[in-house]
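Input: structures, listed below.
Heads up, the next two complexes both have chain A, just with different partners, chain B and then chain C.
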Partner chain A sequence: MSSNPRRRRLAAALALTTALALTAAACGDDGTSGDKGKEGSGKGEITFWDNNGGVRTEVWKEIIADFEKKNPDIKVNYVGIPAESVQSKYDTAIQGGGLPDVGGVGAAMLAAIAAQNALEPLDDRLAKSPLKDKLSTAMVDSVRAAGGGEQMFTLPTSANNGTLWYRTDLFEAAGLDEPSTWTKFYAAAEKLTDKGKNHFGYTIRGGEGSIAQALDAAYGQSGITEFWNGDKTTVNDPKNVAALEKYVGLFKKVTPSADLNNDFKKMVAQWDSGEIGMLSHNLGSYQDHLKALEGKFRGIPNPTLDDGTRVQVSNPVDGIGIFKSSKNKTAAWKFVEFALSHESNSKWNEAAGAIPSNLEAAGDGWVQSAEATKLAAAALNDGTIKIVQLPYYLPDWNSLSKADNEPNFQKVLLGKMSAKDFLDTLAGQLDEAQAEWKKQQ
Partner chain B sequence: MITDYQPSVAPEVKHTRSGRSRGRRHRAWDEAPRWQIYLPLGIYLLFTLIPFYWIFLFAVRPAGSTSLVPWPMTGEHFAKVWTERSFATYFQNSVVTGVATLLMTTVVALVGGYALARFDFRGKRPFMLVLLCSQFVPGALLLVPLFRIFAELQLINSLASVVVAETVFQLPLSMILISGFIRNVPYSLEEAAWVDGCNRFHGFRVVVLPLLRPGLIAVGSFAFVHAWNHFLFALMFLSRQDKQTIPVGLNTLMSADSVDLGALAAGGIIAAVPVVIVFAFIQKWLITGFSSGAVKG
Partner chain C sequence: MARPAAVAKPPPRPRSTRARSATPRRLPYLLIAPAGLLMLGFIAYPVGSVFYYSLQHYNPTKPWRNGFAGLDNFDEIFTSDPLFWDTLVFSAKWVVVEVGLQLLLGLALALIVNQTFAGRALGRALVFSPWAVSGVLTSVIWVLLYNSQTGVTRYLADLGIGEYGTSWLSDTSTVFSAAIVADLWRGVPFFAILILADLQSVSKDLYEAAEVDGAGRLRQFFHITLPHLKDAIVLSTLLRAVWEFNNVDLLYTLTGGGPAGMTTTLPLYVANTSVDAHDFGYASALTTVAFVILLFFSFAYLRLSKFGRNES
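Moving on, here comes the complex of A and B:
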């Protein structure tokens, strides 16, 4: 160790300078935060972040190849981001820099990203685009609402729908009709259960993502069609409380007890590889069911009330947007337009088994032959489903509908909390979040 | 300074009551029925191996099969993740990241650990305290500052960013461990080397370094495995498909609404194999290393 005071002072000064330089680098603005970006030449490279990377990578690469063939002076760099981490990836990039030009943004996280002023409003561009009037109005309204209501920050690519998947082979063997009403659903769940043989009528979602499914079941049975009654939510309406009590009563009675920790992955894997009669999940798992149970299952929209009324909660609409910091917005918009064109939108949604946002694509042959998608699209578009619009526009919605309340739902399943207390707690939090949101408008 | 060596006299062994009872316990253990040993070990092994069997089963059975035995076997899931899902690229990137982190962590920890073990300097105790405390800071907390620093240094989308971040987070524990190992090497050995004409570096290289092998293997393997498995830095600092690593690749096999379990299991096996191989080769040094260095701070 040096005992020379001059050398020690020099070393200390050097260390301090380095520390200050690094701090300055960390605190300095790299030009992306609050950056308004540029229109650019419409040529060159753009980067696209896929918010559901992996499973949809192949179809996106195909669409990108088609786009580059048509626009040889634009190159698109594809980056697949794991769906579970995309929100944190966007948040870090918004704070630290490095946002892409174009990115996939689902309605569930749109409010949080739009609130950080990171996305470019697309209304003017859409008004001048050939896509005008070619996108589903319901989906456009949904992404507009999720972004705060005034501006449109993403264009919708697809919609999903809550679907009741059921095993046709098990239903036929038991002499059961399709579970088209809630009454038939409960009767079938009971009849198909034989715990001794490890056969169950239904699998319930008790883990991650359980709240949306529970709300779907509650509103579906209560028939309530509005999420808000003035400034108060309807989630804890006595009809919803009664419906949820009946629904959670299925746990362990006609479902495996391991369902307490079911996220969609476990739930779908369990249904695809076991002897379970019914599963509630959206259209996104269609391809998984097809691989495992081809010819032995069907997917229908959620059950109706006995009078034929069908009420479902809204599923988040997926979309793509342009980031304000993009230095080449012209090229980015060309890519967005291409991705939402008839051919590309049809191709993407066929791979995902989802409902296309492009109205021409929604009329394509594959939609007619994919029964679950066809039924969901028809039910959504012909007005036979009454959709309860969940408040995706609330910046707190993601936490309220997930980590904040999922443990409480598990308590309800275990009988340690009543359905009323659970819904009252949720209602209190939602009312507060809504009041806060209104104050900020 | 070399001091006179005073051989210590071995204490006379007395057969005390406790010594006798220990002997009895050893005999009782030796005479215990084998099942009393193997049954608990077997149960433990079963709990450990069933999840691995499950992964193996999903990885090798055809899509849609519900068979509980891995027959007929297929390599389609491995082929799919390796080629279509770019695992060949992710694997290569993970190897580069893991080996570079191993080398940087080991070298810097060796130098820092030597300083901590052999020198007394002002602020040494607070420095050790800060090293320990830095272990409590979660990486997620530093993501934005690190991102900005790497952006300034043009390291975003470069594997170097992950290597530097991993090394920085590995260093405190590694330095503490290495300094413990070095303290276990008698200072007099180095002094003897100096008397024989070595300078400090040469003395360290020929006398101390060979004795640190278990410690270096422990620290190096720990750094490699941590870098191999770490997801967060690779996800945040690498926004190019051709730069991503195995943990990020594994996560992309689970989409928002569907999951390809066969591909996920095959990807999991590809991710696990190098770690298993590393541990199989180094386990004897690893155990020696951690037991001799970890508790002597």
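Moving on, here comes the complex of A and C:
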């Protein structure tokens, strides 16, 4: 260190000032948005943000190559953004600039992005497009509702569905039937557990993303089919409370205790690498299971009640939208149309194991051979599933279903909070958010 | 021998008095101007922006609520937000334990690798190597080490120690220690490097004189080494305390702030408030409070430790 005390103090002050200033600069925001963009010439470069970068990079690059071959005047710059950080990337770009021309936007984050006035309404373009009448009406309605109900800010690319993945090899060895009902599910979870041998019946999601899964289990067992009863939510209905109590009772009894911090990646990795009987996740993890457990697993829609009633909460529909700030909306729309064409939509969904939004793609052969997708699509389309629509349209939904309540769900798992208190707290927050949202409509 | 007379050079062309005096005066300012402008752009502006938004209700997803808040956000922080106090207490505990242990272990390692022994260069490289590993990679390494299927607890269970399916990060009694150990691995080399650098400048004469006077190793350490290291220790602990207070990446990756919010630091709470809830006004107020706390702590620490004032 310098031997001059004054110089040393000056150096210390500089280093400290910088460190402290970085503390205060950590939450900067300039609050500007509203660039109206341009239609552009329909030629040149556009930028596309993939909202599930890494996982879907390969198939998007293939689709982009096909598009550029067909549209040699347009170059698409692909940017893959990991699913867990895509919302903050969009928020940062909306406030600070740098939005892409086109981007993947799932229904769960659509309300927050639409509220920031960043997305271009697509109704008029769709009305004049060959895609008109070729997209699943249910999915179109879903993205319209998630965007506030009046305008359509994204076109749906795929739907997902809650799936119970189970290990056929372990079930056969234990002489168990497929866990098609909740009764069979609980019985199998218990029978497959042998903690001394590192065998567990089920893995529960205790970390990030736990709320939607917990609600899926609660509504699935209670049989309640509506999220709202007038202005009040049904999440804390006594039947849901009882169902959730039973579900969280699985923790540590038939699940690894490490599940407490499980997010999607940890949960799926644990199931794919261990000896765990069942996993609840949507169709999106199909490829991961295929790589790790080919021939040893199946995916079926969530269990039914004993009378055959199947109730599930809605999964956010994935979509693709054009940003208002785009300087080349004509080219961006060409890309959107191409991505949702029969061939591209089929290709993308086959890679993801999801249900195509393009009705022609939904009839393709691969859907019939990908069992989990086929069963999910059939269950959704034949009306045997009663879907509880989660309120993705609420600007507060993201925080209520994440940071505000995930710690409380962990408390429930740890026995430090009752399921009733947890659901009552959540219900109070939801009722308040719904009332505020309605007031602004 | 007489030197040959130098060939007389013609005198330089006289410049105006104004030019002669102005250029040297302006030159330093011109040279630091680019850095100064960058600092203004990248530090002063964001800091000012945070102060501004701390006095606003600002949530872009709820434009109907936006507007001047006065001191409302601060009122809520201090009177009706238990999470603020919980996360502040946890942040303080995290900083004290982390910085204390990192200093002790860093000092011990620096003293060891300052000795002369075979393989010292390799030893130094090993000690410093975690500091060269990126934060993301560090997080991944420790996530894998603590994983219930591939990590330490799995192998301990194979040996009959503990149960299968456990992770120290999911156990409320071990999560704090487990996170501390992971961050120690990354932080200790910082102290070791700084202290070793300062150890190199201690005059050997002092130790020789102390030995002549009969002082043992321990006495030499407390009366020569430690006083010499004082300023390095004060500055490094202060900087590290600020960094540890602001720790987000490692804890976010390892625990997500859980279980049940047990490892949520104040900056992690700020991140959740801004990123998930989009409540930038309140998050800015929380950040401003954190800034003021760190500012007072830093001045008090420097004053109490008499940093840079013990030169004899």
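Here, the second predicted complex is superposed on the first by the 409 of 441 C-alpha atoms of A that agree within 3 Å, B and C clash if a C-alpha of one lies under 4 Å from a C-alpha of the other, contacts with A are read in each partner's own complex, and residues count from 1 in each chain.
We take it that a residue touches a chain if its C-beta (ideal position, glycine included) is under 8 Å from a C-beta of that chain, and two chains touch if they have at least 3 such contacts.
The model shown is predicted, which means the values in this text are computed figures rather than measured ones.
Touch criterion met: A:95 reaches chain B and chain C at once.
With both complexes placed on chain A, chain A has more residues touched by C than by the other of chain B and chain C. By the touch criterion stated above, A:57 is placed in contact with chain B alone, chain C being left untouched. In the superposed model, A:268 makes contact with chain B only, not with chain C. Judged by the touch definition given at the top, the superposed model places A:47 against chain B, while chain C stays out of reach. In the superposed pair of complexes, A:116 makes contact with chain C only, with no contact to chain B. Once the two complexes are overlaid on the shared chain, A:183 sits clear of chain B and of chain C alike. In the superposition on chain A, contact of A:259 is made with chain C only, not with chain B. Of the two partner chains, chain C is the only one touched by A:410; chain B is not.
By the document's definition of touching, of the two partners only chain B reaches A:83; chain C does not. Shared contact residues on chain A (touching chain B in one structure, chain C in the other): 1, 22, 25-28, 30, 88, 95, 269, 273-274. Residues 1, 3, 5-6, 8-9, 12, 15-16, 18-31, 33, 87-88, 91, 94-95, 111-112, 115-116, 195-198, 200, 206-208, 255-261, 263, 266, 269-270, 273-274, 395-396, 398-399, 402-404, 406-408, 410-411, 414, 416, 436, 440 of chain A are the ones that touch chain C when the two sit in their complex. Chain B contributes residues 63-64, 66, 84-85, 115, 119-121, 143-145, 147-149, 151-153, 156, 235-236, 239-241, 248, 251-261 to its touches with chain A in the complex. On the chain A side of its complex with chain B, the touching residues are 1, 22, 25-28, 30, 47, 49, 51-58, 77-85, 88-89, 92-93, 95-98, 100, 106, 160, 264-265, 268-269, 273-274, 281-288, 291-294, 352.
Chain contact summary for the complex, chain C toward chain A: residues 42-47, 49-51, 53, 58-64, 147-150, 153-154, 157, 163-167, 169-172, 197-198, 201, 231-232, 235, 238-239, 242-243, 245-246, 255-261, 264, 267, 270, 272-280, 283-284, 286-288, 290-291, 294-295, 298, 302, 307-309, 311.
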